[in-house]
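Two complexes come next, and they have one chain in common, subunit A, joined by subunit B in the first and subunit C in the second.
Let's look at the complex of A and B:
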C-alpha cells in the first residue's frame, strides 16, 4: 500500500488535536530519555498514572472524573525487563502506526507481538495492559496512538456533513448524513481525523436502535433541525468520542433520550456524560459534559400515564449504589430526588412505552413538549 | 405526518417482492373468510405452520431449512377467544403499517396493544408469539408486515449504490458506498424497499468490526472490486436479508470471512447460509444459500503457521453437536472432515491471527491467495 503510506505521511499531521507528528515526537522524546540513561549506565524509569477509583476526583466545572495525580514507576530491573521491553516495543508499534496512518485493534497488536521473540505476549490481557500504560503515559487516548477497539457502534442521520478523506487521493470526502434514507452513517472505529459541518440546533443521542429507526424513517431531524445518533445501548468509545468532538467543535447541546430505569440513567447517561471510574485516564476524551437528560423521567411516567414494568432487583441495587457511591449523583440533588422517587414508585418505563398513545406520539407530542423547555431537563 | 402518509401510500406498493398492496390484500382476504364464517354462525379457524425442528427438512437444492407442512389450528372457542382477538388485532395493525408505510418494533407493537382493552397483552413474549403466528400464517417475513426487530447491525462499504427514497419527496436517494471514507453505510432495520446498483464481483461478509475497519481503511474493496459487509458477530436479520436480496438481485457470490472455530462455522456461517432450525418459517427470506466459506480453515492454520488458542469445552461440544445433529454438516463431507480435523488439532484461530505476519498480510497475501481459487472454499 505504498500510495496509502505516502498519503498517510502527508496528511496524518491533522490527526486529532494532537497531530501524528506530535504523538510521534512524544514517543521519540520518551524513548530518547530512556536511551540516554542506559548509555550513561543508569537504570531507566517510566512513570504511569495510577488508573483506579482511588486516584479519581469529580469537579463539576471540569465535568468528568479526572486523575488526581498518583503515579506508579517502572524501573528497568531483572524482574521488570520483559514488561519494560514490551512497553518500548508497543511504543515503537504506535510510532509506526501513526506515521503510516494505519490502525491496529488491541487484538491485532497482541498477534503482532508473536513476532517479537522473547518480548511476545502470552495472553491478550497482558498486551492490553501495556497499551493502557502507554496511553496513560502520554496522556492521550489510545486511538491517537493508532490502537483502536474491536467493536463498532453508533449510527448517525440528520443535519450533518462529516468530512473524511479518501485514503488514496488524499482528497476530502463530504458525507452528507441527510442523504442516507432509512439507513444511516456508521461511525468508524477511530474518529480523530473527522471534520464536521452542520446547521443543526442540537444532537439527540438515542438509546435504542428501534427508536432511532422510527425518528429516521419519519425524517424527524428535518422537523427538529437536529442530528440523530443511535447509541444502541451503552455507547462505544468511538460513538462517545464522536459525540464529544462534534459537540465541542460545533458548540451543540447534547440531549440524551433513554429509558427511565437505573441502567439508562447510570450505565448509559452517566457514563456518556462524565465517564466511568475505572477508565479515568481517558474520560477527558470520551465524556460529553454538555449532555443533558431528555429521557423519560419518573415525572414523565406519571404525566404521560406510561405503561411500566416493576423494578428488578438489579435495578434497585443499581439505584441504591448510585445514591450511595456515585460522585455525580451525590453532586446533583435533582438526580437524588429522581432516583429516590423511582425507587418509591417501584417501576421503570421504556422509551417505547410512549407507543401506547400511538406509534408516532413520540414525534408529534413527547419530543416537542420536552424540547420546548430544555432548562427543565435533568442535569 | 400527513405528507409522509401520502407519499407512503403512493410508493409503498414497491415494498419488497410482495408489495404492500398484496400484503394488505392477503390480510383482507383472511379476515374476510373469518367474517363470513362468523356471519354464517360457524366457528372460524386459522391454520398456522408448526414452527419447530421436527417440522423442518434440509434439501441442498433448495438451500435452506424448510417447513415440512405440519400445521396447527386455532378455532374460535371460549378458551381461544382472547388469542383469536389478539391475532386479528395484530393483523389489523399490520395492515395499517403497510398502508401508511410505517414500521413498529415488536416492543412497540406490544405497547400499542395496551390500548386494545381486553385484548391487550400482559407481557411482550405473548405479543411476539402472535406476531410470529401472523408471519407464518401469510408465509411472508415479519418486515413485510411492517414489524421490525429492535436491533440494528451490518455495515457496508465498497462498490455498491443503494437506492432508497426520500420519504417526504418520494424521490429516489442514491447512496454511494464508495464515498464514506473510514465510515460506512449502516443497514436499516427493514431492507425490503431497497434497490441496488453495482459492478462488484463478489460480496465479502466479515465477522469482526476490526477486520472490516482494516479493509475499509485500506480501500480493499477498490483493489478487489467487491462489497465489504461487517456482520459484527452473528448477523442480524436485517443484515442477512440485505446480503440475500443483494446477492439474488445482482447474482453475486458471497464469501464469508470468519474465525476458524466452531462458533464461526456453525453460529455465524451456517446460520447465514442455511438458516436455523427454530426459525424455519423465515429461512426462505433470511438465508444466503450462495454463501461460501472463505474464512480461516484448519488447513490454513497449518499452511499460514497461525498462532492459535486451545479449543474451549464449549467449542468441542459445539463441534460434536454439529457433526452429530446438524443436517447441513451431515450433508457436506468437506465440513465433516474440517470439523473432525479441528477437533483433533485441539485449537482454534482468529482472523486477526494473520497479523502475526504483518498487519496488512491479510490484504497483501491471505485474501489474494484465497480468492485465486474460490472453488476450493468450503461449501
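Let's look at the complex of A and C:
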C-alpha cells in the first residue's frame, strides 16, 4: 500500500459510485501484487488498518476520528490460507458487482460464498468480517464495493424535500417529507446522489422511534420548523451520511436527543458525531461533526426531577471505559464532567421519562426550554 | 515329599516334637502355624510368620475350640502341667482341609463365578509349572462344559511329565502337599494348596471326586484315579483306581484333571476367557487351547519355542527372614555352631559376615544354634538387619523378557503402538524380584475409558483386588500427563491404553493367600514406577510424533483445499489463463509446503 494509492482511494470515496472503475482498478492492483509475490516464490501479504478505538485519534479541527496508521499484516501461511482465499474471492465478487453496477446485501454475499466449495462461510458473521476487511483494505465504504447492509437507514419527517431519481426514467423525483402523514420517509442505503430542499432551521436526531412518533404525531416539526430524524439506536452509516450531507449542504445545526445513559452518550452520540473505531477508515464521510448534544443531560435529570433507574453494571463499565479510552471524551472536559457526574449519581434516565410531567411535556416545555439556548448544549 | 506329608498329618499333640520332619519353610504358612501350634510347643511363637493374614482367622478358631488359647498352652512349661493337660483333653486338632471348608474365601472360592475361575486357574498354574520343571514346552487344553443347574465340568490337559501313580492321590487329595513351598524358587504355585482346594470345592458343592488321568512315559500304561479328600484328616480317599486306561492324547505323557463344580460362568472382566487370554500373553512359550461352554474353541498359539530359563533355587537372605522363620531354621539347621549355620543356610553370608552378625548380636560364633534362647534369637535377628550384607543373587528370577513381552502384547492386543521394558532385578527384604512393563496404545482399544491394567505375578494374571495392589498404586502414582496421556487425580490414566505389569520373584509378597494383590513394598513400588516411566516416555514420544504428523497432515490438507481458491480468485480478478492460474497455484503450494511454520 503505497501512500500514493491511499490518496487515490480517498478521491474514489468522494466521488461515490462514480468511482466504480477506480474501485475495480484497486482490486486488480492488489491482486496483481499478490500474484507477483506468489510467482516470485514469496508469501504474499495484505495490510489492514487496525480497526479499533486504540488506533484512532480525535481531530477537533476536522471533527472526527482519524486512523493513526496502525496496521496489521496478514501473511499467507498454512494457518491463514483459508481466510486469505476467502478475502480474495470476496474481492473478486466485489469487482464483479462494481463492474455490472449491482449490489449484494451482506446476507446475499454470504449465500454467494456457498458456491465456493470448501472456502464457503459457515455463518454470516464470518463473511461480514471478511467484507469489513476488504473495505478497510481499500479504505472505502462497503457500499462502494457493492455490498450493502440489511439494516434500515432511519426515518425522516419534517420540512424537507429529498430529490431522488426515478429508477426507470432517471428523471428527478421529489419526495416531500411533510407529506407522510403519521408515517415517515425512509433513508435509503445509498444517499450520495440525493439532493435536498429545505426551509428548516435545524435537524433533530432522536434515539428512539417512540419519541419520534410522538413528535411526528403532534407535528412538532411544524411548530419548531425543523427536520426530525429517528436513528433507532446507534445510527447506521447511511443515516450518518444522510444527516451529514443534509447539514453540510443546507448549513443546518444538528441537535441530538437521546437517553441519558453511557450508551446514549458514548455509543449513539459519539458515533454520530465523530464516527467509530471499527469504521475509522471511512469516518471522514460518515460522521456529523456539527452535531450537538441537546439532552437528556445529567443536569436535566436534576433540573426536571426525572424518574431514574440505577446504572447497570454494563453502563458503569461503559462509562469508565469511555473516560479511559475514548479519544473524544478525553478531548472534552465537559463530557468528562458529565460522565463523572452520571457515575456519581449512579442513575440513568430515558427520553420518555419526561412523560412523568404529562405526555406532551416534552413538546410544550422541555424542547422549547432547551432550544432557547443551544449554546448550552454539550459538545 | 514324605517330609511334607508328615508335616501336614501332624498328630495334634502338644508335645514339642522336633522329630516331626516338618520342613522349616512350612512355618511360613500361617495356616500351618496354627495347626502346628497345637502340636509343637516351641515353634508356636512362629505363628507370626510371613502370610500373617491367614493365621489370624485360624487363631480365632482355636480360640473357640480351646478356650485357653493355643499360644498360652505352650510356653509356660514351668506351670502346672495338669491344668494344661486337662485343657488339652478338650482340644482337638483342626485339619487344614476342615479349616479350608469353613474359610474357602481365603483361597479364592468366595463366590460361584470366582470359584470357577480359581479352579481353572489353579489347574493351569500347576500344569505350566509341571511342564516347565520337566523342560517340556507346555501345551494345555482347557474345557468347560455346562451341565445345567449351575454345574460345570472343568477339564484341563497338559503335556507335562505326568504324575506317578502313588503321588496322584496325595497331590489331589491333600492340602499343602506340593513341591514348591519348601524352596525359594520362582514358580507360579507356592504352597501346594491350590489344586487340592479346587478338588475340595468340587467335592463340597457336587460331591464328586476329582478324576485324574495321567501317563508318565510312552512305555507305561496310563492310570486313572478318582480322588476325594477326607477333610477331617486331610487325607486322600481313593474312590476309583484303574490301571492301563486308554490314552487318547496327542502326547506320550501328560495329565488330565477333570472335576465337576458348582459355579457361574460369565464372560467379560475377570472371566475364565480373560484369564486364559492374559495367561497366553505372559506365557508366550505355551500353547493353550480353550473350549468354552458353547463349544467354541479358542487357540492361543505359541510365540516362541524356547522355554524360559529355569529359575535357580536360592537360600533365604538374612534381610528377608522373619523372626519366627529364623527360629525354626536354627532348630533344624545341620550347622553345628552358629557361624556355620548362618553360612550354610543363608545366602550371601560369608565367614566374615557370619562373624559380624554374631558380634552385633553379642553371641558367640561357636554357640549351638539349637540351644539359643528366644531372646538370643531375637538379638540375632536384629543383628542380621544391621550388618551390611550383599544382595542375594538375582539370576534366580526369570522375566518374560522385553522383546518377548512386546511381541506377546502385539499378538494378544490389537493396538497401534507397543512398548515394553524389563528392569534389572532388584531386592526387597532379601527377596530378589524383577519388574516388567508393557504398554499398548490406540487401535481398537476404547478411547474414552480408564486404561486396562493387566497385573501379573510370576506369569500368573491377577484379576481381583486391583485397588489393593502395589501395581495399581504405582500406575496411579505415575504422572501420565508427562506422556500426553490424560489422568484424573488419584485414578488410573485414561485413553486407548493397556498397561501390563509383571513381577517375577522367588517370593511374591501377596496381600493374602488367594494371591490377588501384591503388597506395597517401597522397593517394589519404585521398580514398577521406573519401568512405567521408561515405557511412558516412549509412549509420549510416539504420541508427540503422531500429533506432529496429524498437524503435518492438516497443513497439507489446508494447502490442498484452499490454495486452488486463491487461484480461482486471482484468475477472476486478473483474467488469468488456465495455465497462469495453475502456475500460481502450484508455485504457492510449493512455497507453503516448504515452510514449517503453521501460523
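We take it that the second predicted complex is superposed on the first by the 250 of 379 C-alpha atoms of A that agree within 3 Å, B and C clash if a C-alpha of one lies under 4 Å from a C-alpha of the other, contacts with A are read in each partner's own complex, and residues count from 1 in each chain.
Convention: contacts are C-beta pairs under 8 Å (C-beta built on N, C-alpha and C of every residue); 3 or more make two chains touch, one makes a residue touch a chain.
Here the structure is a predicted model, which means the values were calculated and not measured.
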item	value
Touched partner set for A:286, first subunit B, second subunit C, both or neither	neither
First, second, both or neither for A:355, with subunit B first and subunit C second	first
First, second, both or neither for A:307, with subunit B first and subunit C second	first
Partner chain(s) touched by A:38 [first = subunit B, second = subunit C, both, neither]	second
Comparison of subunit B and subunit C by subunit A residues contacted	B
Partner chain in contact with A:117 - subunit B first, subunit C second, else both or neither	second
Subunit B versus subunit C as contact partner of A:82, first or second or both or neither	second
Contact set on subunit B toward subunit A in their complex	1, 4, 102-105, 107-109, 111-112, 114-115, 148-152, 155, 162, 164-168, 173, 175, 179-190, 193, 208-210, 212-214, 216-219, 222, 230, 232, 307, 350, 352-360, 363-364
Of all residues in subunit A, those that touch subunit C in their complex	27-28, 31-32, 34-35, 38-39, 41-43, 76-82, 84-86, 88-89, 91-92, 95-96, 116-119
Contacting residues of subunit C [partner subunit A, same complex]	555, 558-559, 561-563, 565-566, 568-570, 572-574, 576, 583-584, 587-588, 590-592, 595, 597-599
